[in-house]
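Let me begin by handing over the structure; questions about it come next.
Chain naming follows the written order as A, B and C, and within any one chain the residues start at number 1.
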Amino acid sequence: MAIERVRPAAPLPAKILLWLVLSLLYVPILVMILGSVLDAGILTPKWFLQVFDDGVLMSALGNSLLVALGASVLSTFLGTFAAIGIFRSKSKIRWAIEGLSVISLIFPEIVFALSLLSWFFVLGLELGLTTVMIAHVSFSLSYVMMTVGARLANMDASLEDAARDLGAGEMEILRSVILPLLKPAITGGFILSFLLSFDDFLITYFVNGVGRDTLPVKLYAAMKMGVSPKLHALSTMMFFFTVALLWVLLKSQVLKALLDRK
Amino acid sequence: MVKQMLELLNIGKSFSSQTALKGLSLTIKEGEFFSLLGPSGCGKTTLLRIIAGLENADHGEIRLKGERVDRLPAMKRPFNMVFQRYALFPHMTVEQNVAYGLKLKKINPDEIKSEVAKALALVDMSSFHERRPETLSGGQAQRVAIARALVNKPKVLLLDEPLSALDQKLREHMQKELRTLQRKLGLTFVYVTHDQDEAFALSDRIAIMDHGVLEYVGSPKEIFEVPETHFVSTFIGQRSHLLGELTEVSSEFLTLKLADGSLVKSRYNMPASQLKPGMKLHVYVRKAMAVEAGQ
Amino acid sequence: MNSRRSGLSLPALFWFTGFIFIPLLIVLAVSLATRGIYGGFAWDISFANFQRCFSETYLGIFFESLQVASITTLMCAVIGTLMAWAMATAAPRHRYFYVCAVALPFLTNLVIRIYAIRVFVGFEGPLQSFLMALGIAVDPFSFSQNQWLVYYGMVTTYLPFMVLPLYGAFEKFDFNLVEAAQDLGAGPWRILFSVILPNLKRALISGAILVFVPAMGEYVIPDLLGGAKNMLLGNLIAEEFLKARDWPLGSAISILLIAVLLLVASALMKFGGEKHGH
């Protein structure tokens, strides 16, 4: 970690650019949020009420939450054990997992979307929320692995040695030393997977088949037909939901624990 | 013939391209304070970890009173280790830390409680039961680590540079405590350090290592008087040897009267309880220079 | 000792193999198949689909995507470096805020962000009103979908992937070098090029890969901000799959895309792995 002394300042254009870009990033969002609470210049909750009244949207919300929950539970489980399993390992398994993990992180989403679509077709699986969940686990696994892996890397190596020296076997070390210390990272990974799943559009669009849409898919379909205050409200809701979860993630011990060495 | 406490026979270990230990053999006597001394990279920590069972040697045997232990996993060996950075479990209290090894042996909870209390009393940490490791100072944490190891009644205590993270004054204090503790328990200690002063102060015998090879084994006196190899003599450094009678001792200084009547007053690193005025002492001091003030 | 623990990662390995690796193999297989009559495909193996990829329209789209991805990467690199520099040299407590501000959009829904852009620049939206108030003549319809918007969307979406690694590199950077250079009389731009950039090389390469590779296959942004006239590879592939139902052709295009991406990524990594000659 860099020493916290004052660093020589960057030239002014760089600072201006920073603020310009941040504005360009956030102004449209702020505009949208404003549009969701105003009707002809008057503050009103009516657009939000319209969203809540819309049964189709609400059921899409339910689908999103269901898929996100299922996908993140599975993803956290697999990813945590994967991170523990490959940590400091020199085996071929590690090489394979890391390689596939990088691929899943970098390749364009569309490639995964259509590869999964084809695979599900070949397998004869019916497209629906289950296939969506499978797809979501596949891309969020790497994120969980990274989150847990980062905490593992920061963990004092001699703790395991001490446990072993005191008589603990592999399973016991896992149970009494490693997992308790990983709790913040596991929670962080879970929330991250949840967000990634909840916010996913493209892959979901490809593999969810007909009928049970998630919220991002519904939003997209509606967007194709134009902008409207009701959509502003829907978007704002989804935006704040994400922000809220991130707030929870940050404010809880999670991030602090991730960054501390121990 | 009396069985030696701990025998290391022809221990060899390589890590990928480097050879850490080259066919090393050692014998350690029961009740001895034995140190492994050498510069970093000499393999002393590796050797200690091999004894503990945290690493496996490529070849060689380890015998405890004649019985082979090198085939046993770490958890089954009757040794315990004190780590350089204490390695206290941060998510457990002091009491839970010390009790960890006992819990694994499925000893009944009441007995665990009393053993833990005894161990903490031994290191003067009785009032720290409920504290968390992050609230402890370096010296306190180290004592808890020692208690955690000792409570399991190991046959040999292994210490990996346990005092190197402490500041000078605290280190000297802890050295005396360790020595006292060892004498009191009569337990065999194997101690790793790169600090010669420390090794000389604490040990009955020292093994000097360099690049995976044993350079010399002997008592501090022997090493000082007969530095057999070039390495040993350069590593040990220049010292003056004085012989005299102890005339005064305080908590910080002792006064030694030399044969020619001159008095030397210096700090010392033996436990005070062993110093009695009138006793004859060998004193090894680093070269001292007398320079006029102002230069 | 560790071999038993490696076993813990096996379930994840199976998952990755089953749902990342094998599907890609399937795509390869399908690219060699022939389109079935009612959609789906039949296993008549040929390279016909690959040949079709080299038609003028398709190649046009490919180069278009290449251009968009490259320009986006370049812009992100330039803007990102300057931003990360400003961020890393801000007061320590502000840095945290900046990092969160940059990272937040990345974690929110892409469709929402693009929607927000549409709202902002769109028909009778605030940007148009603002410009009109300044007296600038504006054709209201031209703003909703065009190439500039695509770039706006791409750069704002992909910036975090460049800024965050660069910021990380700045954090590890020894600012003494900058002070030394200032001491010797170098101006800020000189410092940037001769002192800072060489040390950022690795971060720039990672950032470039993280931006370029996904950008080549981007679907949502060109679809919502670019309209029918600005079709990129991602849209083309999606169309073949979802509208034309020509899976073999779509797969073939994807395979070629993957091949190009692997090439570019390894070229970039080789370039980044060079040790400094001086």
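Side notes on the structure shown:
Note that a residue touches a chain if its C-beta (ideal position, glycine included) is under 8 Å from a C-beta of that chain, and two chains touch if they have at least 3 such contacts.
Everything numeric in this text was worked out from a predicted model, so none of it was measured.
Nearest to the overall CA centre, using the mean of each chain's CA atoms, is chain A. Using the average of C-alpha coordinates as each chain's centre, C ends up farthest from chain B. Separation between the centroids of chain A and chain B, computed from CA atoms only, is 50 Å. With each centre defined as the average position of its C-alpha atoms, the distance from chain A to chain C rounds to 18 Å. Measuring from the averaged C-alpha position of chain B to that of chain C gives a distance of 57 Å. Chain A meets chain B in the complex at residues 156, 158-159, 161-169, 172, 176-177, 180-181, 262. Interface residues of chain A facing chain C in the complex, by the touch rule stated above, are 1-2, 4, 7-11, 13-15, 17-18, 21-22, 24-29, 31-32, 35, 78-79, 81-91, 93-94, 96-97, 100-101, 103-104, 106-112, 114-119, 121-122, 134-135, 137-138, 141, 145, 170, 174, 195-196, 198-199, 201-202, 206, 216, 219-220, 223-224, 227, 231-232, 235, 238-239, 242-243, 246, 250.
Against chain A, the residues of chain C that register as touching in their complex are 1-13, 15-17, 19-24, 26-27, 30, 40, 79, 82-83, 85-89, 92, 98, 100-102, 104-105, 107-123, 125-126, 152, 156, 159, 171-173, 175, 178-179, 182, 188-189, 209-210, 213-220, 224, 234, 237-238, 241-242, 247, 250-251, 254, 257-258, 261, 265. Looking at the complex, you find that chain B touches chain A at residues 49, 52-54, 74-76, 79-81, 83-85, 87-91, 100-101, 104-105, 134, 148-149, 152.
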